[in-house]
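Going by the order they are written in, the chains are A, B and C; count residues from 1 in each one.
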Amino acid sequence: MSWLFENLSDVWALVLTHVALSVPPILLGLIISVPLGWVAHRYRWGRGTLLTIAGLLYTIPSLALIIAMPTILGTQILDPINLIAALTLYAVALLVRTAADAFDQVSPQVLDAATALGYGPWRRFWQVQLPLAGPIIIAGTRVVSSSTVSLVTLGALVGMSGLGYLFTDGTQRSFPFEIGVGIVGTVLIALIFDLIIVLIGKALLPWSRTRRVRNKTNAETLEVTTNA
Amino acid sequence: MNIRGAKRGLTLAMAAGAIFALSACASGDPLSGGGSSAAGDTIAIGSAAFAENEIIAQIYAQALEAKDIKVDFKGQIGQRDVYLKALEDGSLDIVPEYSGNLLQAFDKDSKASTSEEVEKELGTALTNGLAVLKASPAENKDSYNVTKEFSEQNNVKSLADLAGLDRDLTVGGNPELEQRPYGPPGLESIYGLSAAKIKFVPLSDSGGPLTVGALKDGTVDLADIFSTTPAIKENGFVTLEDPKNMILPQNVIPLVSKKANTDKVAEVLNKVSAELTTDDLIELNGKNQGAEKASPKQLATDWLKEKKLI
Amino acid sequence: MLDGLNWLLDPAHWTGSRGIPTRLLEHLAITGMTLLIAGVIALAAGLAIGHTRRGRGLVVGLSGALRAMPTLGLLVFIAVQFGFGVRLAIIPTLIVLVVLAIPPILAGAYAGVESVDPATVDASRALGLTEWQILWRVEFPLALPLIVGGLRSAMLQVVATATVAAYISLGGLGRFLFDALPLRDYPQMLAGALLVAALALILDLLFLLVGKAVLPTGVRAARGNRRSKTPTERTAA
């Protein structure tokens, strides 16, 4: 325990880096997946193509993807963009299907009603379709958030030191406690992110609570459907 | 419905914007050393993916900082092939290296065998604007170790004794050792072991506890462990002699990019190199890996103060 | 990309104890053992939770935390903490992969059982079936699509993640990645990644077929009518 207090500032720096490496893939994944998910929902060809690509992406081992990034992007080998880009791809792979499912679930009658009230496609998307698909998208984002925070630790194998640094360093020094700090820290960051996403979801989509009870939609069932 | 819907849309957009801005702030600081580090007058110092190298890199970094040189520190980056690439593409400026292995990375067929010869050849072998500063007397090299029992039972004290053994040999080390001239290829060509008898067990912890454990419990017969690792002594391992100098002298030597190859940097690091000894390395590793669990940063500060370099 | 394919096509890489077939089999063995162990644990727990409707909150929270568990960290922690680290490298490897596989299987199991119409369960009860019979003869078959979905999801993650076993000396396709990483041998790394992806796709297809085969005829007919009702059902079908 005393090790933790003595090295608190170093560990804290790793936590900050870890957070900084985790947030962009989650947000970018969300921003990219929603329109793609809409395309997959709207067009039959889009569904086939996008969901197949997403499925393929998901099968690539994360380490290989991270390492391949400098070659693909032409970036420097230690550029954090490599890790962020790779994890964004994973986030998209997971979320596109969820987003497509979320849009599918919006009742066509509601959309018709909106059209009848004079909503154009653009306004209808922002004010009716997206908010109604919101709860499921939020649930999917929770899954993506947890897995991203966990995957950032792999950065340690390629010189990008989040909390994963404590794993490799702790291994070499035969120091399980240090590794344990890394594990607990990673899980804590993931839980805090999860809480934040839940709170944002509740603030933005106050109707989701009542809907959830009816549809039993949550991150768990979603994970099954997302990958199935 | 209309107005409320619009309001919600707006809130959503604003919240998304806020989160994005927040993450941009968060990512600004700790990541600033990423791709852009090569710009400006900041010097990026990195280390290979093992603790001792990080301690030395910390010593370099702190010594330079004390002389008002701006430093960006990147801990354990990876193995040689990775950080050499990083030095070449400008994401890194200084890495503590080990002279013999560095030479072999650039000149596979080098015949150099003494510390002086290696250092001299390094002066011409390096490419892409890379250069080395003065070598330190401190040395840490790959070394083949066996347990005391194995040594006694098989009467093995030197790598030269291995070829006469009528048994298969399991060799443990980092995955890349398998390809290195001082790995199984060298055991074959220099010490005459037959390739069929060597079984390689890849362990990705750079001679750390997994490798030590594998040697102790007999998973491997022969383990590549850095010679300055305290565990060698603690476990009574026998380090095999290397009469044919398969493993080149490995003096600690700063490898620098063109950008970092300035008189000021050289002056600081040459002083550090002159003071650093092999015993220092063993002691530093002991404090880092032993009960103390001192951090590389702290160890570097203490060492520099002790040597009155800062 | 081409280099990776060339590496794959080189006959020298297809033989011996370090050849592609051996690594594939090792990878399959690790994956299979993991799914077996995780399946037994997670299905038992998931079916119990689904049937009794108890302990759901606890398990949701717990599997959320499990999902965030960094595989590499847990792997080296166990390997360093317990002496058998390398000699029995399979033990730490299986533990971390089982941890990884449990959440999706568990979720599939209880979500599957919960998705069964309560009226159906009540009807079975009224017909005099014991709770045990209800679980096995009614809830389990009806939950199968989601259960298989959970297993598939777990399989995909395990196949991709089993590569970390190579960090502590085990075989499997991860060897190609970890051996190539320090040498920056991209063709080998690419070939390894392609092999993992191909294995995942083949297994995925297999699961798809098995999923169709195990679906009871009655359920299949009934599902046809309700097909587009919820995304949960649709994707799992």
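Just so we're on the same page, a contact is a pair of C-beta atoms (placed from the backbone, for glycine too) under 8 Å apart; a residue touches a chain by one contact, two chains touch by 3 or more.
Worth saying up front: this structure is predicted, and the values here are computed from it rather than measured.
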Neighbouring chains common to chain B and chain C, by label: A
Among all chain pairs, the one with the most C-beta contacts: A-C
Of all other chains, the one whose Cα centre sits farthest from chain A: B
Centre-to-centre distance between chain B and chain A (centres being mean Cα positions), rounded to whole Å: 34
Inter-centroid spacing, chain C versus chain A (mean Cα positions, whole Å): 20
Touching two or more other chains - residue numbers and ranges from chain A: 156-158, 168, 171, 174-175
Contacts with 2+ other chains: residues of chain B: 78, 82, 85, 205, 209-210
Sites on chain C at which at least two other chains make contact: 76, 79-80, 181
Residue ranges of chain B in contact with chain C within the complex: 78-82, 85, 172, 174-176, 178-179, 201-205, 209-211, 213-214, 217-219
Interfacial residue positions of chain B with respect to chain A in the complex: 2, 5-6, 8-9, 11-12, 15-16, 19-20, 22-23, 26-27, 29-31, 34-35, 38, 46, 49-51, 54, 74-78, 82-83, 85-86, 89-92, 205-206, 208-210, 212, 288-289, 293, 295, 297-298
In the complex, chain A residues that touch chain B: 3, 6-7, 10, 13, 16-17, 19-21, 23-24, 27, 31, 75-81, 126-128, 130-131, 156-159, 161, 165, 168-169, 171-175, 178, 200, 203-204
Contact footprint of chain C on chain A as seen in their complex: 55-56, 58-65, 67-68, 71, 97, 101-102, 104-105, 136, 142-143, 146-147, 149-151, 153-154, 156-158, 163-164, 166-168, 170-171, 174-176, 179-180, 182-183, 186-187, 189-191, 194, 215-221, 223-228
Chain C residues within the chain A interface of the complex: 60, 63-65, 67-74, 76-77, 79-81, 103-104, 106-108, 110-111, 114-115, 146, 148-150, 152-153, 156-157, 159-161, 163-164, 174, 177, 181, 186, 189-190, 192-193, 196-197, 200-201, 204, 228, 230-232, 234-236
